[in-house]
Amino acid sequence: MKKFVNDPRQFVPEMLEGIYLASGGRLKYEPKYNLIYRADIPQDNKVTIIQGSGSGHEPAHTMIVGKGMLDAACPGDVFAGPPVEFVYETTKLLSSPKGVLHIVNNYTGDRLAFEQGREMSEMDGIKIETLLVNDDVAVKDSTWTVGRRGVAGNFFVIKAVGAASENGADLDELVRIGNKVIANVRTLGIALSSCTPPVKGSPLFEIADDEMEVGIGIHGEPGRQRTKLVSANEIVDIMLNAILPDLPFNSGDEVALMLNGLGGTPIGELYLLYGITHKKLEEKGIKVFRSYVNEYCTSLEMAGASMTLLKVDDELKKLLNEPAEVSIRVF
Amino acid sequence: MKKFVNDPRQFVPEMLEGIYLASGGRLKYEPKYNLIYRADIPQDNKVTIIQGSGSGHEPAHTMIVGKGMLDAACPGDVFAGPPVEFVYETTKLLSSPKGVLHIVNNYTGDRLAFEQGREMSEMDGIKIETLLVNDDVAVKDSTWTVGRRGVAGNFFVIKAVGAASENGADLDELVRIGNKVIANVRTLGIALSSCTPPVKGSPLFEIADDEMEVGIGIHGEPGRQRTKLVSANEIVDIMLNAILPDLPFNSGDEVALMLNGLGGTPIGELYLLYGITHKKLEEKGIKVFRSYVNEYCTSLEMAGASMTLLKVDDELKKLLNEPAEVSIRVF
Amino acid sequence: MASTSIEGLDLVVKTTAETCVENTVYFSELDAVVGDGDFGYSLRSGFEVVISDFDTFDRSSTGAILKKVGFILSGKVGGSSGPIWGTAFLRASAAAGDKTDLSHEDVIEILRAAITGIMQRGGASLGEKTLLDALVPAVDTLEAELAKPESAEDHGVKAIQAAADAATKAAEDTKPMLAMRGRAAYTGERSIGSVDAGATAVGVILQAISAAWREKYG
Amino acid sequence: MASTSIEGLDLVVKTTAETCVENTVYFSELDAVVGDGDFGYSLRSGFEVVISDFDTFDRSSTGAILKKVGFILSGKVGGSSGPIWGTAFLRASAAAGDKTDLSHEDVIEILRAAITGIMQRGGASLGEKTLLDALVPAVDTLEAELAKPESAEDHGVKAIQAAADAATKAAEDTKPMLAMRGRAAYTGERSIGSVDAGATAVGVILQAISAAWREKYG
């Protein structure tokens, strides 16, 4: 295992402490619940926006806590939803009179923890609503008894409701906006390599030197199929062919386009994929309104990339253009 | 080779085209010279700041072109300084009456190209100054006949002179500020894995599963020594023991602290290293003024990290706090 | 097994906890085949606290012990397993109440309450490739075996072994099933051909309980 | 080799270019040992343009041909090699001027001009583990051999072979040297024990030129 790590079981707490220390006072940290939250939260006139999910997807979700984004994140261990206790205690500690919004990626573990945590919090009189993110088009509908997975599209849900909530939107309004994003966002991921959870110490799956996994899950769950590694042009075609008909995205649409790195792929390759995709979309009459090329939702050090398209209208365009501040420093 | 790539020899041009297309009009692109530059440059009342260097270090240098940072980057191929022609044509195209600043990382190839390019440009009457970045403490002084390498500390040089130049500083003032940063910045890198230049198609060097390379160069050049992979705590000690005595950094100093990923290491591990470092510096009475945890200067998909410390005074603190805008979108 | 005492429940809880901790890697590897490989690590986070805090538990009733375990698992275990296993123990606790001795019928009622809790919490039915596919046949077998007159004579040793064997076999039978729940469900057809991690764990745990039970009461 | 004609220079330039393109991977692998592995790829970027544009070159003088090569290498080759090789050809061009036939003395003067250019551009001296450590002994040998009367008879075939052999041997002799220039210099002591990439390339190129020369003039 080629990682910077001390005791692997302390990986998440030590990472969270680093996030806290690097924030220069902008964040607070409650180790008991893996809880990272804005130092200026809760605010009486703002809905509190909380996400849990597993760790190992950084910068999601602990590193996108900040003004205009999440107010708090209480992740579980690497690739495991948080225990119910984290959800309940976080909700209680940060609840606002305007209510609390739980943004949950659609995995059984996350859902169950947030359902139970919500029930317990509501018994304390806290007003709560839940958004279920499920943007992954990877697997065929017929077998999705549990619904689709939530992956990188989660970023756009957070960005939109985060911006709206800074502007004073109430809980119902945030649910409406969040669900509009969820209804219009689609993602497909492709892995070139596996990844190694620190506690496990060995790769989650094996993949040959000339293979790729199409439709990979962000926890290493297998996807649509294992195929030979093909050229970047062909990979973009595979992604677009999976994503475009799914909504569908049509000529005349405007989109936000995200090329997200899964952790081990350098940003140069993401820009290469971006350029190819941008041109192919233009050929199809789909206009890129705003572009996102970086790591947003990773799977530890997995080499690979996901493509996310969000169909935007005037309301979403305005929200995406709003400023936001998170503790990851670029400058 | 596990990469998103078409023809490997087109890797750099295709990446640059993606950067251009993703910029939403903020950047221009001249494929003949691998040239990415601000759409609003040259400006008569601003010194033009240019860097060349090799590709494969993204986001350095092409992705940090923007207001308050670089005005232009004309990189060579992966890990190769640009041909003289790129330097000369870029300088000519973007020269301003206030002059041109070349920021050169101290490698023979980069230096020779910029020296010759400067000579040629000066014959055209362009006013030029050069900064030589050399922050890497990896190798023992006695063997540095060519001086130290320029690595991630380059970011701070660009940030400081970029901010000053937006505020109207003239060429001499930028040289003074840049050299102050260079005099106060120190870096050490550690690699856990090798990396594969697209055209080469195979890893630059071999490294065993339980080994690390201390003092790695950002082009895979060997460093101080090859040792067994140790814990994150011990790695931070190795880095601090190399960096602190070199300037030296002393109790009472204030620093900007950067934990930079080399490409394949996920940001969660960087924050883990950051937290450990922050606490150890505090114990030594060294105060972190501002923290930077992300990828700033990579070596393709190499797993590893570098630590950079910049000793700051009031002038540098002010410049680091100035805003900047680059085309890599986070929000 | 004329009645299940606090002592017997202690044995069951401790054996369950120790078996889960010992099989951390094995359970995770099972989960890694088509799931995400966290199953064993998640269980360990809770059950190692059960072990370390065991001597401080309120032992005034069977319900009190089960409640404490349910709280720990809900609090410490992430992933699907926290809510599922936590709910199972909490429902079992409610069914056990303040009883200190349990009849055969009590034991079955408690186990059925746990199963109902799992089904309500996770929404799964039989045949969807979850731990229910091992747990339900095991409890069915236990009920049938305990109803036999001879089970009164051997403290339930044979009945528990039969239940464990039923779980082991049923876990094996999850192989051809299509996963419909949890992260494994996303693999669709590819989940066919490997056993469910949760069902296998139930078999392993019951075999360990059976061995410990025979050791003590056989 | 009584005089070196345009035709002879064409042969030298073409052979140099083709040898560099053919050895792209080999030269890069040599550079990867203690350098950064780009040497062969960098040279290829320039020399493949030399090959493709060769027929369009101004052939009115030896200086014109060398100038064109120098421009292409300066324009297209990145890394240290672009300025070094570009400067070498440009200085050679200046020394050759508008001559169309070159005496032995001219050839040596041109090569010495190239060497001086490399030294001025890159600041290296002999013994610092660079291509100079192969190029200088080769030119020394060539000068000595061409001075012998018999060299007039075989068109310099033997002299060129001797120069190539001197380069090959000298390249091998860079092994124990400590690299003081280029990226390899950063490896300090670890650069000892492997040959310099640039010096080895000079040997390989001169051997190829010698073979081509013998083929044509031998």
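Letters A, B, C and D mark the chains in the order given here, with residues in each chain numbered from 1 onward.
To be clear about the criterion, contacts are C-beta pairs under 8 Å (C-beta built on N, C-alpha and C of every residue); 3 or more make two chains touch, one makes a residue touch a chain.
If you're wondering where the values come from, they're calculated on a predicted model, not measured in any experiment.
J.: So which chain is farthest from subunit A, going by the mean of the CA atoms in each chain?
T.: Greatest centre separation from subunit A goes to chain D.
J.: State, to the nearest whole Å, the distance from the C-alpha centre of subunit B to the C-alpha centre of subunit C.
T.: 56
J.: If you average the Cα atoms of subunit A and of subunit C to get two centres, how far apart are those centres in Å?
T.: 33
J.: State, to the nearest whole Å, the distance from the C-alpha centre of subunit C to the C-alpha centre of subunit D.
T.: About 77 Å, centre to centre.
J.: Going by the touch rule set out above, which residues of subunit D reach two or more other chains?
T.: In subunit D, no residue touches at least two other chains, as defined above.
J.: Two or more other chains in contact with one residue: find those residues in subunit A.
T.: none
J.: Name the shape of the chain contact graph, picking from line, ring, star, complete and other.
T.: Here the contact pattern is a line, an open path with two ends.
J.: Check the chains against each other and report every pair that touches.
T.: Result for touching pairs of chains: A-B, A-C, B-D.
J.: Write out the stretch or stretches of subunit B touching subunit D in their complex.
T.: 54, 76-85, 107-109, 112-113, 115-116, 138-140, 143-146, 149, 197, 199-200, 204-205, 217, 219-223
J.: Quick one: which bits of subunit B touch subunit A in the complex? Just the residue numbers, please.
T.: Those in contact with subunit A are residues 2-6, 11, 14-22, 24, 55-56, 58-59, 63, 68-69, 159, 192-193, 209, 229, 231-233, 235, 263-276, 278-279, 288, 290-295, 298, 300-301, 303, 305, 320, 323-324, 326, 328-331.
J.: For the complex, which residues does subunit D have touching subunit B?
T.: For subunit D paired with subunit B, touching residues are 25, 28, 32, 34-38, 41-42, 45, 74-84, 86-87, 121-122, 128, 178, 180-190.
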